[in-house]
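In what follows, structures are represented as structure tokens.
Consider the two complexes below, in which chain A is the common component and chain B and chain C are the respective partners.
For the complex of A and B:
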């Protein structure tokens, strides 16, 4: 706990110091801001490690002069698990940002940026360690606000500011549900301390379901679960890359933390809770990955992939709840482990990919995939690391992405084979759908790698791209190394997830502690595979060395002077899924000028895939709400007399009401 | 009960003045009426609590402020800006008077239903206080000129003062001073507003203030 406080102190210090140098001494501001964030994260990492190793929980409490509030913290397995991924990603982000914020468009106010960055990490630390409802809400709001300011870092761009507003609106609508939850939970238990929330486990099923739905909507809007994900694809591209990494890798996970932590106080609910989560999860996963395949903005594509991964995590957690109620402890334990491991893994490889995307943007000057190309040769280290991240996110060995999904598949198979009839059919259907999602992930990743890294440069800026410096490179390399370590030694991942599971489902944790063979096998297989790949690579290099391949031009389909404009674009890469598989419901707008005539003319082709939930559900709804509410604008007459009349009539009405009683 | 008789007479006078204020368009007369009303009110503490030091201070302070200082300031203000009448109220004088009557009746009915302590039962303080508040409000709502608005605030404050009388025993001097101070602030604010309106818009109609909307 002392180390955690040291980290708090460093974050606050960094936040304060970073603004002092001001606009002129940007370098000093960056040094101070990122330096204190890095140091704080190091201290925090040690604290999180201690929390994971130690049995039981450390608590700290300080009275607070706020009604219902107390500054009580609690560091247990679940908190330490989330702290671990927070500090890893925060550390990498701070190191990366130290270089990233120096150049390019993000130059404006690095000092202020670092203040928000430090405060964001601080508030996230508080969110996952708070043991008091009021403190939790306070930290939650701080997290929303600081991340909002980070999203609108480029505040002179309309789209960034719009993305910021969408985000702020979504997160506050969600927070309203959380307020409802905490207020009613506090009213039932008599205190906002988490310790007193134990009373909630005596609730009847309908009331508990109400509470659960409040939690689901409240946290869901932050986590970006399916219908509430609309802020995510706008906010992530607008923010600087290391902030996108932190937001996508950790911040959306704090919502999962809240869901796990607070639903643990509720009684074990009926099976439909799990089914609901599973349904939302698999729909979100399919939707997210399909939308990811349609985006030409690399960070937007990655943001949709976050929606997909949150869907997978939700699916696993839903399956855990479902199996626990139906009495399948083994499937429940595996599903919980799968969910938690995937959560940790996603934090690692998604941050790696976001940082990589940032480097590509840094190099080529654009977020548009169609303006990149040929970057593998110009940025070999970044390219290699992105390929590593792509392998990890596609759940391919020897990286960590496989481990989480392996446990999820195991859990589904477990109950699919044990159960009979319709009950056993659903897990098997889910396996099929999950495999479909996995295949789509592979398409999305090959698309990003193929269009951005391979081929010839598609823009003059991309042709002049240069490799990023060591801070950016080492931050990415560290994350990639962690991904590889997770894949080669899955037993670590399982142990960490087991520690986190102790709190929310002790029986699952004991089962996981007994599962020792599977992770070792997975690790050995991964190492064998790695050795085979290396051997094959060396063999091919050796053979190529003996008989050199002559370099010649690619066949240009009969065109005389093939240029990079004629190569496959990001859109054409996914033409198959977009025209054949999903599009009746997603409806990307295509303006197709292709015609076959005798003489070629100038033609236009435009393609856009706006979010269908945003354009068809939320925007019309809010427009309608605005129309209804604008009827009340008449009340604002702008005349003092009328306002006084309101006060007068309200007073009279109140007096009449009092007189009536 | 006996204690209240002279006070009740004064309070009935206050109601009469309320009606006059609602029905009159001449600013000069209105300001003088408010001054007389304030003067009458300043006698109330003496009738209610006897000749103690506290009530003397209250009475003297109220008389100086309500009866002399503020009316003097307001009279000077209208002399400077050359206005005599409230020409075009938002609601005519007769309807305002009717509303004022209704409000006064309502105030009497309402205060009958209030659970009062024994000493205050039968006194007119509560209904008259409420009626004066309502009169002030009506003044504020229906009149356009900044100066009549200021008068409305003054009448409103008189209503609050009548309420304050009931609590003068229980409340410390500070709170009473607060009531007077409140009033002073209101006059200051209106003075500044009037001055500004006069300079910026060359009119004393608060209608022009609505151009500040949004």
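For the complex of A and C:
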């Protein structure tokens, strides 16, 4: 706990110090802001490590004047698990941001940016350690607000501000459900302390289901689960890249934390809770990855991939709940382990990819894939690290992504191969759909790598791109190394996940502690794979000999003057899957004047893939709501005495109401 | 140890024979003499001795494609029983690893193709990843059928002695599985009706267009890797069709080798009698296969 308080202190110090230099001394502000964030994260990492190793929980309580209990914190296995990924990504982001904020558009206000960054990490730390409902909500709101200010970092761009407003609206609508949860839970238990929430386990099934749905909607809107994801693909790309990494890698996971932590107080629910989570999860995964394949903005594509991964995590957790109720402890344990491991892995590789995308933007000056190209030659280190991230997110060996998905598949197989009838049907369908999602992730990642990194530069800026400096490079390299370590040493991942699982499902944790063979095998296979690749490489070197390899032009089918305008674009890469696989409601809108005349004319082609949920459901709904509400505009007379009348009549009504009771 | 050596010997030694047998069958059907059976060996040997030219646009990713494409089938082969010869490596849940291992090869082949900057190779890469994406659920469903029948999640046991009794108890399911896995062999190895390895137009190719710019030892490794991939995936089908074991290692090996050659002849027959599908028909056929494999699973679920 002491180390955690030291981290708190450093974050607050950094937040205060970073604003002092103001606009003039940007360098000093960056140094102070990122320096304290790095130091704070280091302290926090040690604290999280201690929390993971130590048995039992550390608690801290300080009386305060707020209603509903004390300022109480609690650091146990589950908190430490989430703190671990928060501080790893926070550390990498702070290191990366120290260089990233120096150049480009972001240069103007680094001080204020670092204040929000430090406060965001601080509030997320509080979210995962809070043991009091009020403190939790307070930290939750701080997290939403600080990240809102980070999203609108470039407040002179309309799209950034619009993204910010959508985000603020979505996150507050979600928070309203959380308020409802905490108020009713507090009313039932008499206190907002988490310790007193134990009485919630006595609830009857219908009431508990109501609580569960409140949690699901409240946290779901933050986690970006389908269909509450609509803010996510706008907000994550608008922020600076290390903030996108922190938001996509960690902030959406705090919602999963909240769901796990608070639903643990409820009684073990009926099976349909799990089925609901699984259904939302798999729909979200399919939807997210389909939309990711259609985006030409690299960060939007990655943001949609976050929707997909959250879907997979939710699917695993739903399957855990479902199997636990139906008496399949082995499948439940594997599903829980798969969900938690995938959650940890996703934090690592998604932040790696967002940081990499930021470097590419830095180099090529655009977020548009079609303006990149040929960056692997110009930014070899960044390119290599993005390939590592791409392999990890596609769940390919020898990286960590496979481990989480392996456990999820394993859980589904465990029950799918034993159960018969409808009970066995659903896990089997999920396996097939998960395999489909896996194949589509490969499409998305080869597309990003093939269009952005490979080939010829597609714009003059991309041709002049230069490699990022060491702070950005080392932040990404550290994350890539962690991804590789996870793939080669899956035992660590399983142990960390097992510690987190002890709190929410002790019997699953016992089963996982006994599962030692599987992770070792996966690690051995990953090492064998590296050995095979090395052997093939040495064979090639031997056959190639020492003579230098002559280089020539790419075969252009006899065409003498190829240009980068002719190479495959981001849209053409997904044209085939789009026409063959995607359902019509997801189809992007294209506009091209392709009439054929006698003489060649100037042609334009426009392509847009807006979110169908946003354009077809949420926007019409809010437009309708605005129309209905505009009827009440007459109440707003703008005259003081009318308002005084309102206040007077409201007071009278309240008096009547109180008198009735 | 013996299994490991035998596996590697069969894989490395026998795999280039399959393209030769396919070619010979097709030639016989067309009334030609055709290239000799050992033509692939000659090709690979010659390419390993040749010089190398690479495109100016490319980076290490381009060179990684062939290397990974060769390494992956070797490792995958160690998870698969060759006939009655059991797999040297086997663990519970290795079927998931097996599927994703081939994903790794595909990732690098497609990225290497994109690395040349040619739009033809981009086309090939897009087609390859799309078709394989649709084939992946089929593989999983087929494997689950076998997992249910054998009660194990390791490929070695799934394709093990239990198959023999499974044919008697769940024949219809297994027939569907054989058909589905055969389609997977065809699509993953770019055979007719999904892709024509001998086509002369870059526009119509899938796999061949991805490797247009590879030359010399690089290309030799690609040919060798492709032959081994055909061998490994084909071994699954052969094992399904010949589930028995004679108890004699030599006889088992011969039976397996004979089965593989028979599979090559069947592929040659399919290639001689069918035309290549239109590109947009391919996903439909793959989805159909996926449903068929799921149907075979439903038969077991009742």
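Rule of thumb we're sticking to: the second predicted complex is superposed on the first by the 614 of 661 C-alpha atoms of A that agree within 3 Å, B and C clash if a C-alpha of one lies under 4 Å from a C-alpha of the other, contacts with A are read in each partner's own complex, and residues count from 1 in each chain.
Everything that follows uses one rule, which is that contacts are C-beta pairs under 8 Å (C-beta built on N, C-alpha and C of every residue); 3 or more make two chains touch, one makes a residue touch a chain.
What you see is a predicted model; the values in this text were computed from it and never measured.
Once the two complexes are laid over each other on the shared chain, residue contacts for A:648 go to chain B alone; chain C is not touched.
When chain B and chain C are set side by side, the one touching more residues of chain A is C. Judged by the touch definition given at the top, the superposed model places A:525 against chain C, while chain B stays out of reach. In the superposition on chain A, A:410 makes contact with chain C only, not with chain B.
Shared-chain residue A:605: touches no atom of chain B or chain C. After overlaying the two complexes on the shared chain, residue contacts for A:424 are found with chain C alone; chain B is out of touch. In the superposition on chain A, A:5 makes contact with neither chain B nor chain C. Legend: residue contacts after superposition of the two complexes on their common chain; A:622 is shown touching neither chain B nor chain C.
For chain C in complex with chain A, the residues that touch the partner chain are 48-49, 51-61, 63, 66-68, 70-72, 74-75, 89, 91-94, 96-97, 99-101, 103-104, 106-107, 110-111, 113-120, 122-123, 125-127, 129-130, 132-134, 136-137, 139-141, 144, 147-148, 151, 153, 202, 212-213, 216-218, 220-221, 279-280, 282-284, 290, 294, 297-298, 301-302. Chain contact summary for the complex, chain B toward chain A: residues 90, 103, 106, 109-110, 113-114, 130, 134, 137-138, 140-142, 144, 149, 206-207, 209-210, 212-214.
The touching residues of chain A, counted against chain B in their complex, run 636-641, 644-645, 647-648, 651-652, 655-656, 659. By the touch rule above, chain A contacts chain C in their complex via residues 373-374, 376-377, 380, 383-384, 387, 390-391, 394-397, 402, 405-406, 409-410, 413-414, 416-417, 420-421, 424-425, 428-429, 431-433, 435-436, 438-440, 442-443, 445-447, 449-451, 453-456, 517-518, 521-522, 525, 528-529, 532-533, 535-537, 539-540, 543-544, 547, 549-557, 562, 564, 566-568, 572-577, 579-581.
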